[in-house]
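I'd like to ask you about the structure that follows.
Chain nomenclature is as follows: A, B and C, assigned in order of appearance, with residue numbering initiated at 1 for each chain independently.
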Amino acid sequence: MKNVNHFFEHKKILTLILVSAFLWSSIRIFYTDQTLISYDGISTLFNFLWSVFYLDVTPEFLVICLKAVVQTILYAFGGLSLAIIIAIPIGILSSGTCIYNKYVNNTVVTTLRFVLACTRSIHELIWALLLVSIIGLSPMVAVLALTIPYVGILGRIFAEQLRDVPQQPIRLLLSNGASYTKAVMYGRIPLAMPNIISYIFYRLECGIRSAAIMSFIGIQGIGYQIHLSLLDLRFGQVWTGLICLTILVVVVDAWSSIVRKALTS
Amino acid sequence: MTGNLIDINNVSKYYGTSAALKDVSFKVGQGEILAIAGPSGSGKTTLLNMISGLSKPTTGSISISSQDIGKLKPGKDLANLVGMIDQQYSIIPELNVINNVLAGNLGNWSLFKSLLSLIYPLERGKVFAILKDLGIEDKINNKAAHLSGGEQQRVSIARLLVQNPMVVLADEPVSSLDPARAEDIMQLIRSKLVNTNRSVIITLHNTRLIQEYCSRLIGIKEHSIVFDVSANEINESMLKELYK
Amino acid sequence: MNKLSDSTVKNKYIIRISLISSVILSIISWGYVLFESRYSLPGLFSLHTVTETKEFISKLMGFEQNLSLAYQFNSWFELRHLAFETLLMSICSIGIAGIIALTTCIFASRNFHDDTIFGYSRPLLKLVYFIVRNIYSFTRAIPELILAIILMLFLTPGIWVAAIALAIHNVGVLGKLYSECIEDMDITALKSLQSSGARGWQLLSYAVLPQLLPKFLTYLLYRWEVVIRTTVVVGLVSAAGLGREFRLSFSYFHYEDLGLLLLWYIVLVIIVDLLCSLLRQFITVRY
């Protein structure tokens, strides 16, 4: 433990740095010659906010919204399911627990961790843009653009969970003659399974939101619907779409917390 | 007793500069039931871990049936030689009883067979017979986490029976059980696991259980052996000295 | 070990039904996606894609135009202002979000309006709780991108649009995380201090802040890592920072510029990740 004076000095300096960084960035961003709100911005703003009372709840539009919500859910599940399937073997290999040979193990683990970090860092929309340049417009692009970063996220969590399993049952399996790989199958995976499933359901909510913004490359979904209504300046429809999206996310979030609570009890 | 199965030769284990075991040597023959006693932290678990091949000695060697355990990698050879059960971690709680028992085969089964058995357990009849012998055949499809402590130890004994190793190690198998269950488990160990071809090493604290069930006692205190006697030479004062 | 009980059986059902319905939904999704993309699928799995990918990557790295490494490095360096702007945007938005979340999270936590802290229930606060919680849910659910497009309707295009959009969204995220921290707070220290006569500010600084502040800062840093990745994307629509250049290069098919921008993107992400892990260590050492 450092002595008390030293401790307090560090704390003050750190807080000072953080606060000044924040203040400076805010000034740089907001202190400009241009007026923040555009020419007829105020009237548009009020128009937009007031339109919440003119929600478009006509049956035709509600059906469109419902269809769009279903499409978003389907894209999210498609992308996540593929991500899970790919992330399982990658996660197992990159956890460093199933290969006996030390050198092979280390190379495999380092390369896979690097690959996972790369795919994880790039936002799904950027992946979508890159994939569109190669493949052209296709619904598969949306699914693949969801899959690639989620493989990175899920793979890393799988590896961590497999590593952080209680060690003693694994050692006993090994002492009973199981090879490392069999110890993974019979020991690590069953022991880590509740946590892994819990995390997958947690990511489901993120997946739905990511699927919603795939509208930018023209994929049908609730995001696309909101975008269309915005372009037409039909603010009532925009509000309906936003509320549909919120309800979808809230429902998925509630479902995921129920499942996670059931898993950890 | 037909020849020595386990040969422990000047084995020491150091973690950095701190010693877990200092220069331990003894031999165990076939058919012997050896008890190891000693205060917590004296090195009993370290010794058992080294005999089972889980950790390697810093100096010295351990051989079972003339094979150097330190040189074997996890797999078939190790499975046939030695198997271990433990105080509480002998089973995987999330798996079914039948899969836990069949885990004894993992040394001998191929990867594909092991995977298949997880989905559709093979050798059901054999497992059922073993479990019936142990009195828990009705739990065969239950999740192992739902069994009581005594039942779980029976599952781990069943696993050892399936694995059929030459040496059985038991690290404090009854320490967390009440006296009646502990007696049951020791009975089972004696009747099912002990035979003339096998050696059994058990870590125990209870004098009466040692005298009743074991043929030899080694006392370990402060990382070295303090005595090595046969069962009829045991008396209370030796053990009192040991745990002082 | 525990025997089967009512709640365990219920939990088993919940998990089983959720897993089965997820699998069924996934199968339906794949049917739908494959059906929708039936025209483009054969092309996807052909050799054509492989060659296209190779071409694309070489275009990204500037090989097609035979640009020298020095020229590339120069162009890359010139883009540093944009990268810096993007970094500033992320700091500003996460800061604003943090401040607003910090000040409002107390109203959104259940212990504040029921009898845990003050010993009696305050119904007016229940209403505030309801409103604040729902605002959090709403701003959390709307992706930052859509928020940015909406803001573009009435704000002049520029870096502030992205900052505000990100700030609003993250207020919801951080607010929920913070209020959950408060709900899971350890009350025993608080109660014992209360009984020895401490009031208000004393309680706050001795019992509450020491446990909450490290968690709050950790969550803030964790969100910053996410925000820096999303800032570039939001910049796509709000004509700000790296995102604006991304869009332009993409529209003009200037792939070598795209490659340089991607490089800056990765550099920014690495910098922020490193800073975050450094600061995180600092927090855990301090407390």
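Worth pointing out:
Please note the rule applied: a residue touches a chain if its C-beta (ideal position, glycine included) is under 8 Å from a C-beta of that chain, and two chains touch if they have at least 3 such contacts.
This is a predicted model, so every value here is computed, not measured.
The most central chain, judged by the distance from its Cα centroid to the centroid of all protein Cα atoms shown, is A. Among the inter-chain contacts, the highest number of C-beta pairs connects A-C. Chain centres computed from CA atoms place B at the largest separation from chain C. Remark: chain B and chain C have CA centroids separated by 51 Å (rounded to whole angstrom). Rounded to whole angstrom units, the spacing between the C-alpha centres of chain A and chain B is 46.
The distance from the centre of chain A to the centre of chain C, each centre being the mean of the chain's C-alpha atoms, comes to 9 Å. Each of the following residues of chain B touches two or more other chains: 93. Per the touch definition, chain C reaches chain A in the complex via residues 7-8, 10-11, 14-15, 18-19, 22, 25-26, 28-30, 32-33, 36-37, 40-41, 43-44, 49, 52-53, 56, 88-89, 91-92, 95-96, 137-138, 140-143, 145-146, 149-150, 153-156, 158-160, 163, 229-230, 232-233, 236, 246, 250, 255, 262, 265-266, 269-270, 279, 282, 286. Interface of chain A with chain C (complex): residues 7, 10-11, 14, 21-22, 24-26, 28-30, 32, 34-38, 40-42, 44-45, 48, 71, 73-78, 80-81, 118, 121-123, 125-126, 129-130, 133-140, 143, 197, 201, 209-210, 212-213, 216, 223, 226-227, 230, 238, 242, 245-246, 248-250, 255, 258-259, 262-263, 265. On the chain A side of its complex with chain B, the touching residues are 100, 166, 168-169, 171-183, 185-187, 190-191, 193-194. Those residues of chain B that touch chain A in the complex are listed here as 49, 52-54, 73-76, 78-80, 82-86, 89-95, 99, 103-104, 106-109, 111, 114-115, 118, 159-160, 163, 165, 169.
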